[in-house]
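Next up, some structures in structure tokens.
Note that chain A is present in both complexes that follow, paired respectively with chain B and with chain C.
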Partner chain A sequence: MAITKLAFIVRSLPYKTEASRLALTHAIASQTVEIYLEDGDNVEPVLCYIGDGVLNCLKNQQAGKHYGITSLEQHAKNSLLLDLKVMICKEDVDKFGLKEDQLVMDAEDIGGETNAQLVPYSEIQKVMEEVDHLQFF
Partner chain B sequence: MKLGVLLSDHKTDSDVLGRLTAEKLGIILVGNGTYLATIKENGKASPILDKTSNLYVLVEDLESRGLSAANVDSRVKPVTYSDVVDLIFNDYEKIIWL
Partner chain C sequence: MGKLTIGCFSSLVGSLSLDFAVKLSEAAVKKGHDVDLWVSSNATMLSKKGQKPFKDYSHLAKTLTELFASGKFKAVACEACAEARGYHKDDTMEGWGRRSMDWYLASAFSADRVLLIGGD
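The block that comes next holds the complex of A and B.
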């Protein structure tokens, strides 16, 4: 019986490349991997936003309206709906002059019960040290 | 030369942009370039906004990213896709993409 810890670190801006979208879809998909594992084995994903990546968390993204694609905001909410641990770097949020109420911190409107956490970079660094697999997007 | 520059990156190679000179220079912020018109990193507006007085930002790309025309730096004019087409055809002889 083993728990494998995974960290998905999002440092890329949304939309121009698929990088941040891939991070979120991989993190979300990791929640379903249990069916392929032995009894007692599981994975524990953590999704962290750092640097430019925190801009993926902005509310009111209208990519669907203008381009007919799902927004990163929706993916961020889906990750919370599936109870992923989500951490957003406070220093980077501050650097961009953003406030917590401008960010997707919960998914209550779609029935989610888990909240994202605004944390100092040192906590994200700690996650990076603790996990078995570290992936940057 | 009347030169229009479509800028789609947030972290751009400012050396290239800095060396560009033109009788009339226009910068059209699209894609991830729209962050340059709205986000003040460490409280400071992007130095790219000092490069010319002809600054435009594509509203569709702003709104896709959860930003709005209301947050745009006062030096930058929010424009629609059709406005960009008009700029390309009517205001600039050459267009480059950075």
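The block that comes next holds the complex of A and C.
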């Protein structure tokens, strides 16, 4: 019985490339990974937004209206609905002049009970040092 | 010997990230390691059969065939990413698997090293 910790570090802008979407969809895929593993084994994802990546957490994205695709906001909510650990870099949020109420911090409207954490970069750095595998998107 | 899991998202033509991922796989297999290669997004192009070699473009099909024959190399393409690009099961090169993203995470579970190459 073992747990492998995987960090998904999102530093790409939303929509400019597919990278941040792939980070979220791969992290969310952790919910079904058990079908490939032995009983008791699992992966534990943590999703961290840093740099330009914090813009993926903005509320009121209009991807459906303009592109006909799911928004990164919806994926961010889904990650919270599925109880993924989500951390957003406070310094980078401040740099963009954003406030916490402009970001997806919970998924209460779809039944989620887990909140995202707005944290100093030092806490994200600590997570990056603790996990087994680190991936930047 | 160890196990290396490599994820790659970049297209076959237009970037050399896939070339690097495959060459790294080849080097690792030659040293006796096991390699799982996961391709998602535009990198699913690598799994398409019928690729023709041209001097101006990357051609990795021959190397992949040799890697599959080694018995120490698995390559799997994200099924949804492939289907979204019109690459269907019938279009897939022999040796390749097609799975959902949880396969990659399961491979990462037991990997000694995970490398994400060409993340955009």
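Definition applied: the second predicted complex is superposed on the first by the 137 of 137 C-alpha atoms of A that agree within 3 Å, B and C clash if a C-alpha of one lies under 4 Å from a C-alpha of the other, contacts with A are read in each partner's own complex, and residues count from 1 in each chain.
Operating definition for what follows: a residue touches a chain if its C-beta (ideal position, glycine included) is under 8 Å from a C-beta of that chain, and two chains touch if they have at least 3 such contacts.
From a predicted model like this one, the values you see are computed outputs, not experimental measurements.
When the two complexes are overlaid on chain A, chain B and chain C sit side by side with no clash. Superposition on the shared chain A places chain B and chain C such that, viewed from the Cα centre of chain A, they span 90 degrees in steps of 10.
Once the two complexes are laid over each other on the shared chain, residue contacts for A:Ala29 go to chain C alone; chain B is not touched. Of the two partner chains placed by superposition, only chain B is touched by A:Leu13; chain C is not. By the touch criterion stated above, A:Phe137 is placed in contact with chain C alone, chain B being left untouched. In the superposition on chain A, no contact is made by A:Thr114 with either chain B or chain C. Once the two complexes are overlaid on the shared chain, A:Gln74 sits clear of chain B and of chain C alike. Measuring only between alpha carbons, the smallest separation of chain B from chain C in this overlay is 14 Å.
Across the complex, chain C is touched by residues 2, 4, 6, 12, 17-19, 22, 25-26, 29-33, 35-37, 41-43, 45, 133, 135-137 of chain A. Contacts from chain B toward chain A in the complex involve residues 8-11, 31-32, 35, 39-43, 60-61, 63-68.
On the chain C side of its complex with chain A, the touching residues are 7, 9, 40-42, 100-106, 108-111, 113-114, 116, 119-120.
Residues of chain A that touch chain B in their complex: 13-16, 52, 55, 58-63, 65-67, 71, 73, 95-97, 102.
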